[in-house]
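Here chain A shows up in two complexes: once beside chain B, once beside chain C.
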Partner chain A sequence: MPLPVPQTNVRVVTLKVDGQDYSAREDETIIEVCRENKIPIPSLCWMDGLSVVGACRLCVVEIAGSPRLQAACATRVREGMVVQTNTDKLQRYRRTIVELLFAERNHICSVCVSNGHCELQWLAQTCGVDHVRMPYRNAGYSVDSSHEMFRVDHNRCVLCTRCVRVCDEIEGAHTWDVMGRGSGCQVVTDLAKPWGDSESCTSCGKCVQVCPTGALVKQGTSVGEMVKDQTFLSILARRRSHR
Partner chain B sequence: MSGNGSKVTVATTWLDGCSGCHMSFLDMDQRLVDLAEQIDIVYSPLVDTKELPEQVDLGILEGSISSDEDLHKAREFRARCKLLLSLGDCAVNGNVPAMRNPFKLDDVIERAYRENVDVNPQIPTEGVPALLATVRPVHHVVDVDIFVPGCPPHADTIHYVLTELIAGRTPDPGRVTRFGA
Partner chain C sequence: MSRTISIEPVTRIEGHARITLQLADTGEVEDAKFHLTQFRGFEKFCEGRPYREMPALTARTCGICPVSHLLASNKACDDLLAVTIPPTAEKLRRIMNLAQLLQSHALSFFHLSSPDLLLGWDSDPAQRNIFGVMRADPQLAKNGIRLRQIGQTIIETLGGKKIHPTWVVPGGVNEPLTAEKRDAMLAMLPEALTIAKDTYAFYKTLVPKFQDEASHFGTMKTLFLSLVSPDGHLEHCNGYLRIKDAEGRIVEDMVPPGEYPRLIGEAVEDFSYMKFPYYKPLGYPKGIYRVGPLARLNNADACGTPYADVALAEFHTLQEDSGPIASSFHYHYARLVEIIYAIESMQRLLKAPSILDTRVRARARGNKSEGIGVSEAPRGTLMHHYKIDDEGLITWVNLIIATGHNNLAMNRSIKQVADAYVDGTDVKEGMLNRVEAVIRCYDPCLSCASHAFGQMPMVVEIANAAGEVVRRIARG
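Coming up: the complex of A and B.
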């Protein structure tokens, strides 16, 4: 199958990121330009191949002339844009966001099946989170092991909604969705039925592979054994969008 | 950092932990011989002293704050140590001991000492410290200067942190360790 040919009528813009000049297609977002050019911006909910929700705010950047911080995943590049990706202020915000994620649910890395292969754990290290300053909520969440192949542990969920989007946009099953508000918010299968009773789930496992933490995992994995492979996503997404 | 004499004085203790961090300390193996020339362990489960001295250069705490005794020890360490270091995930973030937090303390005790016990079930009250309702990391009850996450932190990590401190530099443990490492 040939690779899709990019549209030719898209203009190219030039912008400055961290003092360096870059050119980009005008339909690209800041995070896409940064990923292409190996400029490290932390992100959690954004994933190449899925729609953009701009929920986690880890990829916030400073844009000259804008009083507010902007999510790099949800902001298109503009001609003459001047972007800062790693100021002290941004580092402070990112650190706080990661700490709040740890404080919200029960991420016990040492006994997690994703220990050592977890994006949240990695973010904590790269954002300089060596402790959490705010009090932990200590609320207990359920674990659903009813599916014969997979398990969901809501204690580890960060509500990035990657599972919801990959199930809807790539697999086309829309088994996953989000229920409740605030601290009661959680991802659910089929109107909050046990996963094993879901009639729409095709057991394809894409949700498990894109989950950044140990929330969605394979049954039978022990501490540190859950290694995920996300390479399928950008390939499927690219082929799908140009049919 | 340096003590009044030639050696840096170090005190360590474990609170609600498994002693694994202290085992990892011992895993520095032959490097302990060199360290012993630069530091003096004045109080620790690894030595015989029964009293924490009034003034210590570096205090190292393993384990979380789970009982009133843990709380007392942490406060005593903070008051007497110039620098206080949280060693390992239990001290840094509560880790496994904090997994009881979503449950009520009475339910936890009931489960551990009655429900799962076949012979003479009873709740211990004498000679044991009272448990706190919530398990907390050390820095949620006293100020902590250095955080070394890991379960346990690798011996290389502990060696790096200690040698940096002895040399008078501020270590950056995030370079070599993380939660769950």
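Coming up: the complex of A and C.
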């Protein structure tokens, strides 16, 4: 879903979320309405100010009349829509998704520079992941520390592609992209060159700030020291859209 | 018919181990071995990680003494950065290390060893634990728990967590000390000093009862290795390596820690996952040496704090000749002296006005390809040695843990104790407890994980030459 283009004349619709009535602009998505009204829905790939990919499926909700679960980030509101955001079934699905993320790569929170400031860690706590029920893959992934200011640790990457989108849509450099398929999928810089050799990277650091985990971090940080500031994104996105 | 006695697991130590005693047909102990039965692989799986992760990664080797690993690892990283850390950061690190020494020594003495010392080697194993001590001498047990709590609270006050704090970072520490925290720590220390002095005085009255143990619990001629300060005083954080021989002659002195590979070699035996470090110039196994509180006090010219110096002088009267104290049994005594030293030193450091200075971190990137960090952990000299590539990723790691240094000495000690106390014709539980107890003198940190004492069963199986179990003694 591309970045929304603000429209001046949009209708207002009413919908029911978890039994409560809400009104919203018809060009809004369910997750936007939930965020505005402080209805907690977990999300990972979605980020205010970036285009929507609907990849992580953590924000799935139940919509009356729909046979399957829908991603709240990729579903626009409709008049009379009835949405459930926190049923037992949804909790089960979300917990399983988070467990799969932990099982897929090596998220060792205790030694991670993002420990205590990590969205995946918060999600695990929110979704009640006190242990992982499936076997860990324990596959080794590389660490690219060739950039003077930043480092990418693919062991901590959840493939949310926020870095890819912010680099393309906000910075305009499109240094980041995705390579490979399945479990071999990984984010790459400049057609899989070492980050330090990238000619397109402007070293702006936006990718580092939007990364939800300890995959993209600043050099020189020790355990727990990587605190990310994402407030810039919605401001920049708004200014871009007004140009 | 020769038989083997296996003590597994060894209880009231930190980690998992097994002791086997090989008995001859006559019932005499032919051989004794101390086996570390677990493998962890830190040196291998750290490869490829950014060096700044190493302090947190290697601290996970231990839940009792993570601060020691944190400190040695950060010192190795300081070396990689090629920086001198701010003086206040050095003092703050020193305080955390002393607090760690305090809590770990308290754990070893009160929780793990006092049941033997207070209740006796032959007492009922079901009672021979900290709960038995609580019943026999509630105040002693309470003091031990309180002393450990004070050490842990100081670590938490400084680092935010009792276990695995991340406050110490390459280049210094990541947050300066506030006056409130300083005052809170200072307020606890007089009580700690009173407990430490009372316990020391009490233990002095016990020592004469253990003359027999003192002469058989690892009483041997070995070298002693430790750090000493530039003026030859007791040192746990920085300083230089010193080695003394059994006669008290200084064999190596003022050796920069970075030169440890010149002094220390590591041998491997097929019966244990723990390596066998030795003093290179004497070769293996002749280069046997001991580390830890006993070695530190034997090597130091003085402690440098008032009560600890008095205690050090009394420590040197434990044996008649003037050389280093030879019995590993006196590790317990040395531990109590170091507890007093730690408390007095923390008081001195915390009272210095400069302790509140806000310049506590030197920032740099990897400026060297190889870094070595050495500190004194509660159990002895701890060495971290890393190599990194141009991107700052680890390519090689060598860790020499304090308990490893004592491996040769521990093996020799159990043989000595088994020779003195174990009668193969009628094996009693109390005999085997003495074999375990000599290991407890060294306070080994084997898996670097803490276990609840008294809950691990000990099983002794006596097998005949055909491997059939002819007798089984179980407890727990």
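We take it that the second predicted complex is superposed on the first by the 235 of 243 C-alpha atoms of A that agree within 3 Å, B and C clash if a C-alpha of one lies under 4 Å from a C-alpha of the other, contacts with A are read in each partner's own complex, and residues count from 1 in each chain.
As a convention for this text, contacts are C-beta pairs under 8 Å (C-beta built on N, C-alpha and C of every residue); 3 or more make two chains touch, one makes a residue touch a chain.
Note that the coordinates shown come from a computational prediction; the quantities given were computed from them, not determined experimentally.
When the two complexes are overlaid on their common chain A, residue A:Val113 makes contact with chain C while staying clear of chain B. When the shared chain is aligned, chain B comes close enough to touch A:Phe102, but chain C does not. With both structures placed on the common chain, the touch criterion links A:His131 to chain B but leaves chain C unconnected.
In the superposition on chain A, A:Ala139 makes contact with chain B only, not with chain C.
Judged by the touch definition given at the top, the superposed model places A:Gln121 against chain B, while chain C stays out of reach. Residue overlap on chain A between the chain B contacts of one complex and the chain C contacts of the other covers 110-111, 115, 140. Those residues of chain B that touch chain A in the shared complex are 86, 89, 92-96, 98-99, 101-103, 134, 136-137, 139-140, 144, 147-149, 151, 173-174, 178-180. For chain A in complex with chain B, the touching residues are 102, 106-112, 115-116, 121-122, 124-125, 128, 130-133, 135-136, 138-140. Residues of chain A touching chain C in their complex: 110-111, 113, 115, 140, 142-146, 151, 153, 196, 219-225.
Touching chain A in their complex are the following residues of chain C: 48-50, 52-53, 55-57, 60, 164, 166, 169-170, 174, 363, 365, 391-393.
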